[in-house]
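Listed next: structures, encoded as structure tokens.
After this come two complexes, each holding subunit A, first together with subunit B and then together with subunit C.
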Partner chain A sequence: MSSAPAPALEDKAPPAQLAPAGAAKEPGFLARLAGHPKAALLTVAVLVAVVSALVTSSGTWPGGWTFGIRSPLSDAESWLANNRESHPIFLYFLLHISNAAESSVDTLVTFLETLGVFGVTVAAVLIAWVAGGADLSRRALRTAGTALGAFVVIGLLGMWEPAMETLGLMVVCVAAAAIVGALLGLWAGLSDRGQRILRPVFDTMQVLPAFSYLLPFVLIFGVDVPSAFVATVIYAAPPMARLTALGLRGADKTALEASTSLGANSWQQLWTARLPLARRQMLLGLNQTIMMCLSMVVLASVVGVSGLGAEIYTALSTVDTGLALSPGIAIVLIAIWLDRTTAAAGERLDDPCQGKGGPKTWFVWLGVIALTTAGTVLGSILGKQEWPDTWVIAIAAPVNAVVDWVETTVGSGVPVVGGTITLASGFATYVINPVRDGLEATPWWALLLVAGVLAYLAGRWRAAVTTVLALGVIGGMGLWTRSLDTLSVVLAALALTLLLGFAIGTFAARVGWVERAIRPVLDTLQTMPQFVYMIPAIALFHGGRTAGVVAAVLYALPAVIRITTQGINQIDPSALEASRSLGSTTGQQLRQVQLPLARSSLLLAVNQGVVLVLSMVVITGMIGAGALGVDVVTGLAKDDLALGLTSGIAIVCLGILLDRISQPGADVKGDTSR
Partner chain B sequence: MKHSKRISTSLIAGAGVLGMVALSACAADTKKAGGSDEVTITVPSWVGARANAEVAKVILEDELGVKKVNLKTMDEPIAWDALNSGKADVIMEDWNGQPDKQKLYIDEKKSVVKGGDLGVVGHIGWFVPKYYADKHPEILDYKNLNKFAKDFKTSESGDKGEFIGAAPSYTTYDKYLIKNHNLDFKIKETGNEAAQIKEIQSKYDAKTPFITYWWEPLWANVDMDLVEVKLPEYTEGCNEPKTDTKCGYDNNKLQKYLNADFAKDGGDAAEFIKNFKWSNEQQNKVAQAIAKDKKTGEAAAKEWVKNNKDVWEKWLPKK
Partner chain C sequence: MTTTKNTGATKNTGATKNTGATEPTAADPAAPAFAVRDLWKVFGPKADRIPGNPEYRILSTAELREKTGCTAAVRDVDFDVQRGEVFVVMGLSGSGKSTLVRTLTRLIEPTSGSIAMDGEDVLGMDKNRLRELRRRQTAMVFQNFGLLPHRSVLDNVAYGLEIQGVGKAERRAKAQEIVEKVGLAGMEERRPGQLSGGQQQRVGLARALAVDPEVLLFDEPFSALDPLIRRDMQEEVIRLHREEGRTMVFITHDLSEALRLGDRIMLMRDGAIVQLGTPEEIVANPADDYVRDFVRDVPREQVISVRRAMRPADAAESATGTELAPDTLVVDAIEAVANSGEPCRVVEDGRTLGIVDHERLLAVVAGIDGGSDTEGKEVAAI
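Showing the complex of A and B:
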């Protein structure tokens, strides 16, 4: 294994080797390096790593340098179990949260059931219509049509009842997450200290897998709705907070100045200038929060929440893809309905023609309530409170037939390349294995050195120290080898995601119809619970790490594509026009104008790629990619809080590491401006 | 930023006041009132356990007049917590995978009580497909496993043979067995039961050699002919401490557990659950109707109940 690290680090080596070869008349290699201290530093660090890996060929963290948190965690767990019904902190605080969440969800689900099929559909369509502008414009009608279509299909799939249960929980979670997110966002947006404190907190909230803290939550808040509620709020609040802060910070200075000069005090300024100016960003945050709530609500089925998630969970116990697809589609449809509705509301805010008609708005909402009531009454007169069973279309059998056909033909029946199974094992052997072996053969101190140097180059001392600390925590928890195993899978998935994402994103930005064509595909990939399509995919890849990489790429790709497309589209058209008039080719325009100007968006895409790929580590663990992901699941399944939580923290540390070495702008720029 | 500082200070103060108000509110309810007219049964992820729950639900509702039986999907440790807190009343099938929770809730807190044997016997072992065992009959003894390790090599296992391991919630000593017998195998972690079954099914269809942790009763066994590899005989205490395990797996008499209050005040419903006892074949029959014939749980259970009156009549409380 001693020769293994070479291919892993090959991509960094060539520039250094090429330099002397093609530079006969230029100054010597060393002299050139001296001219670029950054490159020199990196070369030295990489050389040290490669040489030490070749010499020692095994680089595990020293066993004596670990700290045990197993026993304190186990103690905490039994304390929780014993004191849950008597300790004041439960009686006077935590249990109130549980009971409030549970009773509000119960009330809402009962309310939705009372409204019945007609009432709910009428209400959903009207809300969408009002969000679209409450008139006969194309936008309003299109949004309303989407809502109608979504609810009819949900009914046709026979998913009405579970969909209402999920919707009930969703609404409560979204409301709470939006309020919590907005408050945290206010703090982060108005105070620099708040921003500094909250940023790592938000990162952790999003990357720490829910599976690793569900166990204590079940003990603290109780099974079913309460723990699902708290876990969902934790997972879904950060985007709302982040975008609120962004909106508050990005407010037009002149508008604020004007408001100050008119004598507004800070509260008035907040209410009349800052918040209204941040409205659009906050709505985008709400939109993201809704999507994240939806994906979490599905996961919550493991703690006993009924609804669409439980339907999927049950269908998968018989490995029945067709049966799992119906609730999966229902989830996608709910997502599309909510996404289009909030997006329409957002577009309307941008639209200068739309005045705010005070009395008119009241009338419209009164109308919505009246019509919903009418629908409900009509439904109960017709005796159709529930979706009639005869109107259900069973899609399970035909879907399973198609899936079977794909599994057998694509899996091994393709001529020449031999099918996906061969490809998968090739990918694991020639891409993931060398990376893993390389990482594992490098001594731990050399890895710390390389990571530290990379982070220093990207974000100076603060980033370097954070990175080294993150790796130190991983080593200290005794998860060094497991984490490197995970890191190799994550790196492979990340590289693929960024490669594909930038390529497709750029293509979509340049060709308008591509963007429109792939939009529904991206929506589906982002909201369809991964298990629905990953279990059949196991037949295509025979489980294993390649299947995990595929799952992670599919999940992370949509966000990367979207951000890339948006970033390129937002470039000042005059810059592009200027380059075009200077006669640059399409390729030159792309390389020299569009991509450099979209740099900040591309960096954001990298950041989101890291976050999303890492959030899939658990799912990839569950379909055979092993390592930290499986440990998190095992922690939950075997009631081993110490195992689940430490593995979850290790995943967060990997996230910090990747983020710090890939995000140059933020810290470096911050340093110079301060 | 002077203005915003004032705002953020006010915000923090406001949050603090809100917190205090919440804290000073009256004490919260800790328990949900439960009676015997509503019974909640936990359902773990595998189909056999769903078969138990669906049959119990049909009989409870149709024969014993229980108004509502809730079936709640949840993982095992969470089901134990639910029984402890009274959010659920019954675990129908426990594979003895939560010894710590058993000790805590049964012996210390006395919030959960035993409900007796389910009658189904769980069996765990190492299995290879019959098409492979026919060609290489020697593999059926663990001592010969190393000879065949190279047949099981994959991209996941490197230069060793690949052993497909158990899903995280399953009881397993494979890691120690492989180490203590010096076997040339590397465990591939499956992470999830559905994923493992799917992988085995697809390998079986492709007639690839594999060796796996496998168990009985399982609906998927009807379509696949797997043969067990003999491990050293199980003897009492041979897997303690687990790191020294060299023996095979014990046969597991699956157990029922009840919430203590439900067991005491549950009346006929609790009595019925305690009496519920059936065989592997009977459970498999319902499980196959669900998993293979793609019936809904309710339909499968109703059909079985209709045809097997003599079996379940014995479970009803004596009048």
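Showing the complex of A and C:
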């Protein structure tokens, strides 16, 4: 981690580094720049920024250029609070949504309670078993075993009740998100116009941090389940829609042509060929939707939804690692259970040996219902509807003891390294602060120039205009300094993420067993909700900006590693073979063949890293990192929505800005969303 | 069967065998299976201005693309497919043959021209009639199989019947029968992914046969297969044609395949017809240098008959010697001449047409028998 000053390079070092290098080389720096108009443009912009920063050394957005957005927002909030019960748009539309959401969640939670410990566990295990193939194969048994283990441990940790609350909201959200997503996906998959309209919308939605989805709905529905429900559905539906459309569009053209040549009409073709051929992709979409629902439902604790998220939220706000760990583990277990179950169903589709179930499927599902009922009845006879308190293992105290021990042992005073707390404050002082000071010292117009040029290079005029507008909105709302503060944390975390991600990813791509070893770890990490990443961060660093950076790095790293490894592994093997046959060294192969050919993947990894880091940094506002995130949390906690919403808008602007700047070009951007 | 049939085409499925030509509504029993006239398919902006314009007609494909931005995949094509024949369309990739076969059932909509199937105008058909035609009168076999991976072999074969609305039990029984016919018995419950390429194409063939079509359309069906498997499949097609006499339109880029299967071969280049004739006509009398280049390596003795190789008999010869039928292949004649040690007579209806001797037969093998003899002229006539 000592190699971290990298982010500072981003806006200062390039000209300083390039100039001597250029002077040393024969053609001359300026001459070479003239040959590369893009590089020249960027160099000029950066030079302007650095020089102006050194000259003016203060560059806040001019105070006269702000527009007061907070008072109209407050007015809107109070108007909504007064009219929520009476205005027609609520009476005839919005209240129906919120009532339906609330009552269905209530019904489900009550239903889960009625099933009791036995009923729920039996049902979960059996569903996992059916997804795995409903037989005695290894896959079916492993999936069922995962489910059993997950639920037993949740019970043992004393998290049964909040877990059921989370699960109830989850089920409703997943159902709604899957239906909405599938319908939108059908539209985008079958109609070119649908694709043209939805694609940019989804692209933008993918960039926005999860946090920013909650705020507008809190404004409309108030703090509770309905706003969490609507935000979750909107947040989680895109992957289902995207992958459904992808599956429908990517279907084997000849199979579709064959069905047309046999005289199928459009409905017959949709039902017998298109949809079945898209099944695999749709299931993948469902998997992603479920994971995003879980992430959001947990996050929704900040708008007052009870459940596992709320347990963590409470614990985090008092920096109590022990208390946060139990719900954290419970969430991870639920994530693993859901992921393995849907993944097993997907594997089964891929398996060509799988015969068609027909009547067997009906029989199996009847069996599931019967056994679940039996479990429920058994539970109520035994009088054990809830998880018995005596079976709970309290881990909070011992965990806290361990954390304290770790803190006192490695927190500070370790020779040479210094200890985690020392490192954390060092990182904040020597890395994040200089970046922030540098950003704040640069005049606003110079930053606009740099951002605009970067975006122009990535995506031409459209991106440049969007970027400049986004920065303008931030400045106009009077959040210039706060946003730069957040940006400095994001840049620090991004630099670390990319450094580690490229290094590990390249290593894994070159050494087979490393990839095999880290792949399951990455799989698990990628399924975990964002909330969970903050627990180790506060355990080691006590909160603050460094903890936020660590959480963001942990969160974004798996995706960056994966894309890097895939990109390097996917290059044309004959190119590598040719290079090897010419006798190149490992380093030469890497530098001259693998990395250049994997360039588009690496750019995609940067883009994904940016998006994920920002999303996480904002959430770590809860543990005191990232200024805008703190404002959002404060706004929600103190019921000052105007504060939360303006910060939310600033976050959205930052997200769009960072995405446009790091956009690898539309053709390489794939579907690697979480 | 009657309960599930739609009203559009009433035909007796039993009678289609061997004739390959029962009549849907408005069909003319004497008409060819397909009659194609002035057919154009142009891809590109404002494609429909190309066919009618004499200025564009004379341009080559490259010139046309440069001048108009359009690509003419099929250019002014005329031909008839007779009932019961195997009609091979042959050409290199990009010659427009795959586009041509798709225009026959309007999987690709032609730009201009006319297509009649059994005398009925295909381009004038409305959506429902066209669907009926695709369901019952034609069936297609594709290069990349186009099977549905989530269905068993049996359900894949029954797919066309399912689309027609045939009940489950009935369509599975029919599919079972066809599966056995193409030699896939015992594999009914497998998935396409578990089969080899050759087996998958047998499924594709069975799916086409299951709907009992008048015309089978093959779009390079065996190009993706290994040479040995390809040979097996070609023999399967020959066997099916011998047993059922169904009309077949067969697209290929493989000359030996075309020569093996085709009753007649239509050679295409850049969307236009270069030559149309029997295999023997094409090998013996190539229409131009392009075709000549194409057929240069063909073992001529296996394609050319003695009718083409013989010379007039003089009086002494016309009474003695081994008799050969006029369509005997040269390769067989060589054997007969070698065995008897003397020239053989080509005899039709007891009349001696001519004589083949060592010299004439060797000339055929060596390719120096000349392409400009009198019989060559008739090749140009379609």
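To be clear about the criterion, the second predicted complex is superposed on the first by the 460 of 674 C-alpha atoms of A that agree within 3 Å, B and C clash if a C-alpha of one lies under 4 Å from a C-alpha of the other, contacts with A are read in each partner's own complex, and residues count from 1 in each chain.
Just so it is clear, contacts are C-beta pairs under 8 Å (C-beta built on N, C-alpha and C of every residue); 3 or more make two chains touch, one makes a residue touch a chain.
Just so it is clear, the model here is predicted, and its values are computed rather than measured.
Asker: Using the superposition on chain A described above, determine whether A:Asp639 touches subunit B (first), subunit C (second), both, or neither.
Answerer: first
Asker: Can A:Leu215 be said to touch subunit B (first), subunit C (second), both, or neither?
Answerer: first
Asker: Let me test your reading of the model: by the given contact rule, A:Thr272 touches which partner, first (subunit B), second (subunit C), both or neither?
Answerer: After superposition on chain A, A:Thr272 lies in contact with subunit C alone.
Asker: Which partner does A:Asp252 reach: the first (subunit B), the second (subunit C), both, or neither?
Answerer: second
Asker: Which partner, once the models are overlaid, touches more of subunit A's residues, subunit C or subunit B?
Answerer: On the superposition, B touches more of the residues of subunit A.
Asker: A:Leu323 contacts which: subunit B (first), subunit C (second), both, neither?
Answerer: First partner only.
Asker: Intersection of subunit A residues contacting subunit B with those contacting subunit C?
Answerer: Shared contact residues on subunit A (touching subunit B in one complex, subunit C in the other): 260, 265.
Asker: Please name which positions on subunit A make contact with subunit B in the complex.
Answerer: So the residues of subunit A in touch with subunit B come to 78, 81-82, 84-85, 90-93, 95-96, 98-99, 183, 186-187, 190-192, 194, 214-215, 218-219, 222-224, 260, 265-267, 269-270, 301-304, 306, 310, 313-314, 316-320, 323, 396-397, 407-408, 411-412, 421, 424-426, 428-429, 433, 531, 534-536, 538-539, 542-546, 621-627, 629-630, 633-634, 636-639.
Asker: Which residues, counting only subunit B, touch subunit A once they are in their complex?
Answerer: Subunit B residues touching subunit A: 1-8, 10-12, 15, 22-25, 27-31, 42-43, 45-47, 50, 72-78, 80-82, 84-85, 87-88, 97-98, 100-101, 104-105, 108-109, 154-156, 158, 167-169, 188-199, 201-203, 205-206, 219-220, 290-291, 294, 297.
Asker: Using the touch definition up top, name the residues of subunit C that touch subunit A in the complex.
Answerer: My answer: residues 105, 107, 131-136, 138-140, 142-152, 159-160, 162-164, 189, 191-194, 204, 207, 211, 217.
Asker: In the complex of these two chains, what residues of subunit A are touching subunit C?
Answerer: The contact residues of subunit A facing subunit C are 252, 254-265, 268, 272-273, 276-277, 279, 349, 352-356.
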